[in-house]
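We call the chains A, B, C and D, going by the order they appear; numbering starts again at 1 in every chain.
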Amino acid sequence: MKVVGARIPRYDGVAHVTGRTTYVDDVRVPGTLWAKALRSPVHHAAVTKLDTSAAESMPGVHAVITWEDVPLLEYGHLSALGIPADEPLLAKDEVRYLGQPIAVVAAESEQLAAAAVAAIDVAFEERPALLDVRAAFDPDAPKIHQWGNWYPHFENEMDRRQIRKGDIDRAFEDADTIVQGVYRPAAIEHAPIETQVCQVVPEPDGRLTIYSCTQALYFSLGVVAAHLQQPLNRFKLVGGTTGGGFGGKVDTATETVTCLLVLKANRPVKWRWTREEEFLCSSTRAPWHMELATAVTRDGWILGQKMLTLHDAGAYARFSPYGLTKHSFHHTGAYSIPHLHFDGYVVFTNRVPTTAMRGFGVTSVSFAVETHMNRIANLLGLDPIEIRLKNANRIGDTSPNGVSYTDPSTVDTLKAIADAIGHELPADYRTMTNEPRSGELLPEHLVAQVGSTEGH
Amino acid sequence: MNLTVNGAACEIDGSALTPLLDVLRDELGVTGPKAGCHQGGCGACTVLVDGEPRRSCLMPAGYAEGAEIVTVEGIGAPEDLAPIQQAFVHYYAAQCGFCTSGMLLAAQAYLARGGSDDHESIQEALAGHVCRCTGYAKIIDAVAAAARGDSFDLTTTAVGKHTTMATGGAE
Amino acid sequence: MAVASVAVDAATETMVPGSEDEAIAAFGDGVGVVVVGGGTIVVPDLTYRRIRPSKTLMLGHAGLAGIETDGAQVTIGAMTPVQDLVDLPAPLGPCAANVADLEIRSQGTVGGNLCAGDAPEAPRGDLQGAFLALGATVRFAADGEVAEEPLEDFLGEHSGRLVLGVSFDEPAAGAFAGLDRPHTHDYTALAVSGAKGNDGTLRLAVTGAGSWGARLPSAEAAAGDPEAAGKAALQDVSPRDDALASAWYRTKVLPALVRRVLTEMGASS
Amino acid sequence: MAKHTGRGIAAIEYPTGMNQNGDPSQCWIKVKPDGRIDVFAGTADIGNGSKTIQSQIVAETIGVPYDWITYDNSNTDSSPVCTGTFASRATFVAGKAAEKAAQEVKRKLLDIAGKELEIDPSDLEIVDGEVVAKGAPQTKLSVGDVAAAATWGHGELITGTGAQLKPYAAIVDPETGEVDLPPHSAISYAACSAEVEVDDETGEVRVTRLQQCYDVGRALNPSQVEGQIEGGAMMGLGLGVLENCYPYYPSVEHRGGAFGSYLAPGMEDMPQIDTIMIENPSADGPYGAKGIGEMANNPQPPAIAAAVYDAVGVWVTELPITPERVLRALEAKAEPRREGKKVVFDEELSVNAVSSGGIRFEVPA
């Protein structure tokens, strides 16, 4: 018997194909109220008036909550790592993106909740919006965030993530060619087929049961407990079965607000975002702006790389500082590059906050580095597979942070692709392995790159 | 209104305008069809109406009056799976499962009209159904296998049609 | 069950006529009436509360579906599903086949398509260009009277009028060219239809270059030279930016699509 | 008018587990009196298949059939901590916790069995649900009998707990980014070839083939790994040529709120996909596995961009590579600026062109 390595069908496969898997939206609790949110209709504004009394007095409306109802208004996605919080659960005196939630209503039906949202008296004084990360640093840029237009809380209160390795100036001096390019992948929707949804039920013992579509049960439990300033066992988070996530359902977008509505209404409440809300108001993959300057020799050795990254975080930080740090750790791609100079900024703009998504931080840099690599090969008249094999990270080579690689496979995967497409490699490339560099593959500029693999 | 859902006659109050999806899920408690968008854009709500695949979020319930409606619950139970359901299990064609019921019913209708195992025909028949997890490859393989009339071993999954294994690296 | 996601207002009066005559009578002058054909556009508008009508006219049982051929004349009922057109000759068949996916084509109707203007995301009347190229006539009811009008005049003027059907003469030749990305979920970003009548009249029309489908008279005038006709077509449209494509892009591509249609028709006639 | 074909290559790497680590996952297991196994973990199954994988790991580690396992990740009352299903960690980190918990269960089962059989536990093994004396396969006791003996005879509850946590790799020098501990648990690698067909008149790009090779460490369930890779390929295709929240970025105008205006890849967008899986085992992952769920959408966009260049001779470096961007690039036919040994592409996109002095990207000539 070998279970590991076997093609076992999904644990929940039969439940999936018979429609019996219970997703949050399939939970049925009698007496459940519907939640609907009042959201910002503008990209950036002061909230000059917020009066919910008319909505509250409508028949069938059981609760309206605003920022005033939240015990701890700001709790960050990275607070557990000691990173300060910047985003209110519900907007207080200003809104920073179109769709930002301001107040949420619980009522007997979805249509009644929508009518109550329309009855909330709210006024805005619009402010100029900042949308281009490249203009965020300019003196005349609108000031949109309490921390300034870019995140200032990296270690030692630095305002950027830096990587410095080797001597970039020497790499540029020694280079035969310096290739510069700009790479800008787009913001992407997670677009799981199940939209953001939760159902919260008050239990006889005073606890709240939270039916959640979260990708991270304990993370979301911690977020709810922190906002409500309650111990973890006040809540039972029920989940584990999620209709697609891709990173967006780490956000804990609905759970906390729904708990607050339940505590106010003392009734079960469900908040299911519409597809339109999912597209327009839920967080996205970030758009990135990346500039690369790479020092290369005419025979295709990469001596050094300078990089500037502007990460468009949208209106609030969420996971962006984490994502940018991960990005910086992987900004050389699958290659060993001795001289590095990286500056990355988490830049705030008046768009929907961005969050984790499949490949967080690295999808962007893979596009930049690899497209740049293809350009370099093309400019130098070199084969795109050979130049990659030559510079590929090998066992013992050190990463941008100075850590040695223990299990690289760049050589293997590239050779397999060369085979698959019928691309014949010269003999010395065909025999390449992942083993530590030596001989012609260890030119002078890479000697210092070979570290120790012990201890990892 | 009188509907027949998975063989059972149901009497429904409410507006003829109410989308069939909401009648099924919220009035009848038939939760197989999923509310993925309420815009007709994803296909998670597709059911069979007199044998034809229809987006139930777009169809006013009044249009289904007197019709035979079949949801995923109606094509096969766990102990008695329809061939297309067996194919989805055996080909690992469902991941998160949220698009699966709509996908299955579109496939079921395709098979019922004599659809072949030709990949392009399958792609055309199921084109409106968004799956964000699988990349569609295994769904197409599953429908093709069901179209061929294969039988399925439910204790294992099929060897990937698009994959080869290699041992490499630095052992 | 209290968990009702239904956002359709219970207050909306629904009228479900069982025949064309009943439909005409129920529609009346059309004031305050929202017509529900297949539901593909109106039902999401209702669920998302973009419209909140006091009265709806549901045509599903009014018997307005079907394609009839009488000599050279083809008549298509307003409730005919788009899917029923896909095997017709060009430009209508390939144009219909280019609309969305099988299920949406089976639910969306010809009448609804002719009354669909642009939405924030994109122009929606995928079939309008093909019918314009065919010189189609719309049969409609208003204030209880039935009348006909060229589609060209009717587009955008459907308020107070209930579409009953559309008719045209089978063309001697026809062609359709659209952007052919295989993606199925979006509306037609840009497509050109052409048809040559039995009397030699040539009509060209576009979908996606404005709020409504539009004839391309300047291109028609230059039709002898497909390249020149393509460029001339730009005088006839004022495309705009939307979620699917920019005005710039539509302007760049329209000449090519016009040329492809003319070339194909030239080859087939 | 012409359609042109092209091919492009990319090679990538991607870390498993949270960057800088510090992300715990835990698991606990109890054994019912008939030997059936209940596994409790807090790992959400978002479609990735962690319910299946963790059940497989537990069955394999203890030595019982897969269908003896029940897996409960349904709530935070019964399940221990799991940081979550993201960062390619559900198999690698949470699966390792399950393996550790199962090892403890196995050890306890062998202890009880040793007492029942009066054999030293180190001379016993568990094979397909039976405790067997090594070298004397006729001497055996079913796991069900062992569990019964533990319950009714020895008065013991057989449980196992496992926790996986790699310590947080702090940045010791924020000026250089140097760390003192490895910031990743394992790194996975992939290479990709993309083939495209480009219409030079409409700018439409159709991806016709993706050939990919992934180092997956070890495929614990090859069908599930394929599912991740194929799903990732389509998401990568979306990144490359279709998807965009802001069609006129950085403008926020014309943002789509429907599947009709946000182009998530559909079934007809699918190219031919061929995948090669290489098993280069990770030292730290359960049974050598690496996490490849996320990276599966990373190699396609650059491979597609290079294929478009190969087809029509223009670099489109803003994603997605829409028909409009292809046509604009074809119209501009931009050549890089050459200055000394510098070759400068995309100057109009640079901060140097857009910022009025707030930020610059300086490179010596």
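Heads up, the rule we're going with is that a contact is a pair of C-beta atoms (placed from the backbone, for glycine too) under 8 Å apart; a residue touches a chain by one contact, two chains touch by 3 or more.
The structure displayed is predicted, hence computed values, not measured ones.
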item: Topological distance between chain B and chain D, in contact steps; value: 1
item: Higher-contact pair (C-beta pairs counted), A-C versus C-D; value: C-D
item: Centre distance in Å when chain A and chain C are each reduced to the mean of their C-alpha atoms; value: 41
item: Rounded Å distance, chain C centre to chain D centre (Cα mean); value: 45
item: Chain A and chain D, separation of their C-alpha mean positions in angstrom; value: 15
item: Rounded Å distance, chain B centre to chain C centre (Cα mean); value: 30
item: Where chain A touches two or more other chains, by residue; value: 6-10, 12, 28, 191, 242-246, 272, 274-276, 407-409, 412-413, 416, 434
item: Chain D: positions in contact with at least two other chains; value: 45-47, 49, 213, 215, 219, 222-224, 232, 235, 255-260, 262, 264, 266-268, 274, 276, 278, 280-281
item: Chain B, residues touching no fewer than two other chains; value: 29, 35, 37-39, 41-42, 92, 95-97, 124, 127-133, 157-159, 166, 168-170
item: Overall pattern in which the protein chains touch one another (line/ring/star/complete/other); value: complete
item: Chain C-facing residues of chain A, complex; value: 28-34, 108-111, 114, 270, 272, 274, 276
item: Residues of chain D defined as touching chain C within the complex; value: 1, 201-204, 206, 242, 247-248, 253-269, 323-324, 327-328, 331
item: Residue ranges of chain C in contact with chain A within the complex; value: 1-9, 48-49
item: For the chain C and chain D complex, residues of the former touching the latter; value: 120-122, 179-187, 241-246, 248-249, 252-253, 256, 260
item: Chain A - residues contacting chain B, complex; value: 6-10, 12-23, 25-26, 28, 190-195, 242-246, 272, 274-276, 395, 407-409, 412-413, 416, 433-435
